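Okay, got some structures for you below.
Look for subunit A in each of the two complexes below; its partner is subunit B in the first and subunit C in the second.
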Partner chain A sequence: MTRYNIWFYISLFIAGIVALPIITVFFSFFSETSNYFTLLKNTFLFDYINNSLIILVSVLVITFFIGVISAYFVSFYDFPFSNFFSWSLILAFAIPGYIFGFSIIAFFENYGTAYTILTNLFGEHNYNPLIPKFDSLVGSIIAISFSLFPYVFVLTRSSFLFQSNNYIEVGKNLGLTEKETFLKIILPSARPAIIAGLALVSMECLSDFGTVSFFSVNTLTTGIYNSWLSYDDLNTANQISFILLIFILLLFSVELYSRREAKYHQPSRGFKPINKIRLTGKKSIIPFLFCLTIFFISFVFPVTQMIFWTVKFPKYFQDIDILKINLNTLYLVGLASIFLVFISLLINFGSRISKSKILNYLTNFSISGYAIPGVILAVAFITFFSNLSDLITNNFNIGNTKNLFIGSISGLILAYFVRFFSLSFNGIKSSYEKINNSIDESAYLLGYSKVKTFSKIHVPYLKNNIILIVVLISLEVIKELPITMILRPFNFETFATQAFVYASQDLLEAAALPSLFLIGWSTILILFSTKYILSPKN
Partner chain B sequence: MEKTMNKLIKTIGFGIVGLFSTILVASSVLADGHSKEVNIFSARHYDSDVQLYEKFTAKTGIKVNVVSGKSGALEKRIIAEAGTADLYITADAGRLGAFQANLQGGLTSSTIKSAVPSNFRTSKWVGIAKRARIVYFAPERVSGAELAGLTYESLADSKWRGRLVIRASNNIYNQSLVASLIKNNGKGKVAEWSKGMVKNMARAPKGNDRAQILAVAAGEADIAVANTYYLALMLSGKKGAEQQAAAKKVKPFFPNQDGRGTHMNISGAGLVKGAPNKANAIKLVEFLLSEEAQNHIVNNTFEYPMIAGVSPHPLVVNMGLDFKQDLKTKVVNYGKRQADALEVMTAAGWK
Partner chain C sequence: MSKNFFEIINGHFVASEKNKVNKVNLKIEKQGDIVSLLGPSGVGKTTILRTIAGLQKISSGEIYLKNKIISSDSFHLEPEKRNIALSFQDNSLFPNYKVIDNINFGKKRFNGNRTILNANDIIKLLHIDPILEKFPHQISAGEAQRVSLARSIMSKPDLLLLDEPFSNIDQSLKDEIQYSVKNLLKEIGLTTILVTHDSFEAFSIADKCGIILNQELKQYDVPYNVHHEPNSIDVANFLNKGIFIDVRVIDSECAVHRLKHDELGEIRGKLSNNFTSGSKVKLLLQPEDLIHDDQSNLKLDVVDRKFRGTNFIYTLKTKKGEHLPVFVHSHHIHQHEKNEKFGIKTPIFIDHLVCF
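Let's look at the complex of A and B:
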């Protein structure tokens, strides 16, 4: 029996750590608040909810159209560059919403890049009134939409890939036009994948901090931050977090449910891959232009703007210690990956050999860390460790223990662990489940110990999967802003924090170089991982 | 079976302990225990400040540790990490005032007292550099007669309807300006004034101070409210040739010259409660107030020097130095009246 207990306690411990923010938020929901909450309820709260909803709905509509239509074009048609678009549209993942926001402001502001271009083309003139201005809300919506649409694109596309040509032929036999086939057959059968993509978009959108804070739009997420900061009111912050969490957990269950649904829609027998329709001449113009426009706006535009600035203001090559930031990033990425992958393997292995159902519930529960916006996580993290440290200091004769987890690398890694555990755990779990149990039995018969089975059979089998997970973790860590911003130690910057610090200091041109590095590394990682994501066997 | 399990658990146990200790050792090496150091939480993070800290280290051998960020988050960390921070540096007296309870007295050396006029310091925090919040106008559309005798108060007059741009109410510079108005005119009058301001806005508030000045240059508005150093920054060409040309289309105007003078604010440093390196922190503040450091600051940030005997950057000199500064309204009031300021602006619908 002991072996159940050991795995049980280890999983319980890990689940406990990951669930810390949720528990902290939940408990402070019932504690006293200052009258700021009343003030907030009367004045701002409605505004926060309103802005959050406007952004959410608009982003959903935009990402739905962009994601589904582009996925449809590249999956069912063969037109110039369609293969190129099938992976290049994913590169938008390399541009965080806040960097997209910097680009929008830089390009469209009075005397900005658009003005420079017009002046160079047509000579001196006050073009400023002619250049469209995106106000804060519209700017945020555009920036968030273009940085998140790949979720819809990737999931919809992979669902299209698995759609059998048989269905489409049935449609043809029934005399449906291409448009009718799309609306009545293709779209409904891809529905679970689209919903799953949109649910991910919603979660990311609601937890966005960098973009809305750059555009100074008040949403539930910035509201939490502000009530915590400006009014020193942690309980209010936690209470708004609670409202936000309800939103997000709802979406989270929608996503889980859709995933489950999606499984039933995967074809088994009689699967025929899609015969892409070849488009030439005039007919190919619409899909080509559509995909090109999306690729241009989502990737080429921000990258060019950042390059333009880096070249125009070369002084920041000297001012910014870019090598150090590279090393910092590598350090964080390395530690976070090792830590996350190691624990994920451990829990998966434990769950496998103990065959305990309780473990499944526990591990499912611990996944909730992903659903929590980074900024809330950081707030809850500081609350928890600040209180814990006081408790320790008051009861035991130990000095200040706060610096162990607040403003330290260990604290940062622990917070990343909470945030990205579900990504790593689930990623490894999905592959681990594919290893048949009979393989383990055979290994035992051959005299392999459990440890040896793990290291000689499981790990080599999971190797590719582990690489993919490390890539995804790295991508997330490189782009992560609020947690790093709030918890980082002295003299320590990442690309994201350096760019954001400059941007909030009205030095967007200085933010270009770190942004460019961030985009560069992310692009490399995405290109590397598309090799795995896009190959149909995964 | 038991044996292999024990072995496995041991391996795993060692693995976890190993990982944790690696991280802890690594992070303690990063934040290693210099005895000669000073820890700064800075909401003002110009590269030129970093160069200044390097000069200080070269002079004194005291290592300067910096964590930068937005003022709010930094304040929270200073509190949560009690006993870590020595100095809190920020670009607004309102911030320092509002954070008073977490600061301690001690910035009272004769060097500091003789360098900084008394209305720009308390025992807990002192100004390092000055800036004025002024009006910018487009000479093509605003005549000298229209501007004559302009005050912050009269910006709410109906003659400016639809012609004014200013930042959002959540901006600390605006909160400090409005706090000073409340101190001088009373909350009720300023509530009315805020309503007038909102009516006069050419557009809903957006962007930073520089964007307000650019809006006047672009013809979106006739007058703007912004800090002094932004115009000099653009005129210097550091923001590119386009903005340099745009800045030349706009002229500065210093309000309230016939009365108490133009609204002044500071970049300042506060001594944090429980500072572990208090003596070093005071040394750093004294260094920042030295002639060498002041020259460095004014030539990089285009602020006004805090001490006498140092000249601002030539571009700032060109904007005019013979204006009357408001030395009557103590900057401590910006923190005290901050909540009132935000309340009247929000009530008036100032976004």
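Let's look at the complex of A and C:
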């Protein structure tokens, strides 16, 4: 078989699309080398980096404790509602950091929800001085932490679940106490999973735009956004992007490395599931209260706040065309899913039948898109397509081609594609690799062509997996804020953009309705996918 | 052009640097013959099968099936167009289809052998009926092998390739399945190449048997000849049923050839290779060659005794240090302990004197 076949060119093309933002950022950084110092001075770059790092470190510490402790409780102990918590804590994924931020402000602000509750309970009084106020930095940290801790929770928990009871029994047999067993056996063997979880948290945290922007904290992402929007300075925006990308790149390598290491911790043959320790009475109080508190803060609190406002200000049902937003979202979700799943299947099939190494490198590169923060992606897209459009206009005397990808659905889908390709590609690949190669060969020998093998054997086998991938893509697209904000067509609203636009206009009450819809859809999708993940078949 | 049903001419098969087989010449003269390829693990047997099936290209040489070329240096017929079925060693059932649907997958091919096959007969023959409604992940490795076999046969191929088809099947079922598969293949006249490392399996099923050793097809003959007249020391050692002892040829001209061993004395029989009288050669001595006789004057020390169910294998030691294996029927009236003397009937007569 030739090495440069059709699959090679398709993969090369896709790798090229994913590389667009990175290359654009790279070129922008080195194209103007004269004014680095002014850049630093004028853009408060140190300030940005400083804030980004403070948030990052704090979020890491908080998510580590919340995630690992709650995972430990639900994996090793049987206490009231422990099964409920084992999936309900994941629901925090339904609440993006910025919506959590709206809820914090709404609750604690002067004459806010807390004030209303106190008044109803104890009568009229000026409670405002009594209610704690959050510094915007602290607010961001809390909001981001509670929206991201499920990464640590999910990965740690699954690593705990796959830990063989044999090790724990050996530990006990060697005379370790419960605490020693945890610190010396359980925690070290879950380390790769925990690091992978924290790496994801870091990447998401550094990419976060909505939360920090809502709290008006100057970080690298808001810096990029503001340089573009307020100063119309794409060059500076891309230069800041470059710095952020370096941070991300570091984290990306940590994540890859920890994942490679995680392979060596796979359960072997003598796998025995963990026997949960049954806790009753007093002993069950601590884990129960801990999980309940986390569940309450991370999910119940923001949902209740949004419901409260939606009910309290029903007039926004008329002001907001919620049906239209639902349809818009469905439209984006549908297009993105079809596009992503189709290309992912194609590339997976191609690398399966051509077995070329170059192809593997190319696809491995293509999935790196998920590490690029949405803001960078969007700004780089604008930069690239503006330059391209100028080039075309100058040379070929054709009108403006910019609008084909900027402020259009096609551009939006293309950007989603870069960002979420790894999600759909890896999701399908993991299932695809379970199909033994001799199965394909059997099909050929029974007279099935390659294409027929794909449609008759592969696709039916991957069907469930594809559904799961579509659910996950939908979840991401619904929650996605910066890409949609920057690249969407004029007046095209999703739940995320509508909520964010109102919130940044200080109309938090109006943001409640789209937020509630966003949470609702996300919750349904999460419940659906966790049912898949938690079901014994998978 | 080849006149045979199937033929490999000067085939070179390469899977990796170590795993290759050179200069293979193999003929299956008529349809319905069963051929087995016997060799140690990792010698390249599977590579040959995969190349015949078209899953791999041949390095050089030609393969013909029904007088049509299917593989050569410059030509490669795609596997789906060859009408050759391969039953894999590992489980290759389609995971998302039930056992019965897997079997029926084979039926969809119409260009094949016209013999009418009844799926139910095959299902019964291979004892698949209790698991028809199960999915591949719910059945054992042995069951999967039988299903895979059924699927391959149902596809009515011109040529059936079996890669260690009975390796995972329970010992208790193995003999029966081997027997019924052989009968079935003969009945429907399905030409088959079977790969195995088990010489019993190869001998009992095949019409002809090829021995692959050291990257070569060493011998290709009917099983009886392969066993009794291995054509090289390598083949004899691989079949591993006997040992070589040093003897001298005293007479190779008369009707009955005679050899002499220092301790065993005269050994009579028919030499399979030509040697001049007086030459020193190595004689293959198999366990069934020597006959136990308590009355005999020729006595050797017992160094080991193994119980094999139907027989005992005694190991006797000569003064020179050779260890000779001897079969004794299980019902033999008494047993000999270690270090006891053990009589051997003289003069020794062996049908085939295999010497090198």
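Throughout what follows, the second predicted complex is superposed on the first by the 516 of 538 C-alpha atoms of A that agree within 3 Å, B and C clash if a C-alpha of one lies under 4 Å from a C-alpha of the other, contacts with A are read in each partner's own complex, and residues count from 1 in each chain.
One rule holds for everything that comes next: a residue touches a chain if its C-beta (ideal position, glycine included) is under 8 Å from a C-beta of that chain, and two chains touch if they have at least 3 such contacts.
The model shown is predicted, which means the values in this text are computed figures rather than measured ones.
Aligning the two structures on subunit A places subunit B and subunit C next to each other without any clash. After overlaying the two complexes on the shared chain, residue contacts for A:I457 are found with subunit C alone; subunit B is out of touch. In the superposed model, A:L446 lies in contact with subunit C only, and not with subunit B.
Applying the stated contact rule after C-alpha superposition, one finds that A:S408 touches subunit B and leaves subunit C untouched. With both complexes placed on chain A, subunit A has more residues touched by B than by the other of subunit B and subunit C. With both structures placed on the common chain, the touch criterion links A:N173 to neither subunit B nor subunit C. Contact with subunit C, but none with subunit B, is seen for A:S438 once the two complexes are overlaid on the shared chain.
Between subunit B and subunit C, an angle of 160 degrees opens at the CA centre of subunit A in the superposed model, to the nearest 10.
Put simply, the nearest alpha carbons of subunit B and subunit C end up 6 Å apart when the two models share chain A.
In the three-chain superposition model, subunit A touches both subunit B and subunit C at residues 449.
Those residues of subunit B that touch subunit A in the complex are listed here as 2, 4-5, 7-9, 11-12, 15, 19-20, 23-24, 26-27, 30-31, 39, 44-47, 65-70, 72-73, 75-77, 80-84, 168, 170, 204, 206-211, 214-215, 217-220, 239-240, 242-243, 245-246, 346. Residues 50, 53-55, 78-86, 88, 90-96, 105-106, 108-109, 111, 148, 151-152, 155, 157 of subunit C are the ones that touch subunit A when the two sit in their complex. Against subunit B, the residues of subunit A that register as touching in their complex are 2-3, 6, 10, 43, 105, 109-112, 115-116, 119, 126, 128-129, 135-136, 216, 225-226, 228-230, 312-313, 319-320, 331, 335, 338-339, 342, 346, 382, 385-386, 400, 402-404, 406-410, 413, 449-451, 485-486, 488-492, 497, 501, 504-506, 509-510.
Residues 434-436, 438-439, 441-449, 457, 460-461 of subunit A are the ones that touch subunit C when the two sit in their complex.
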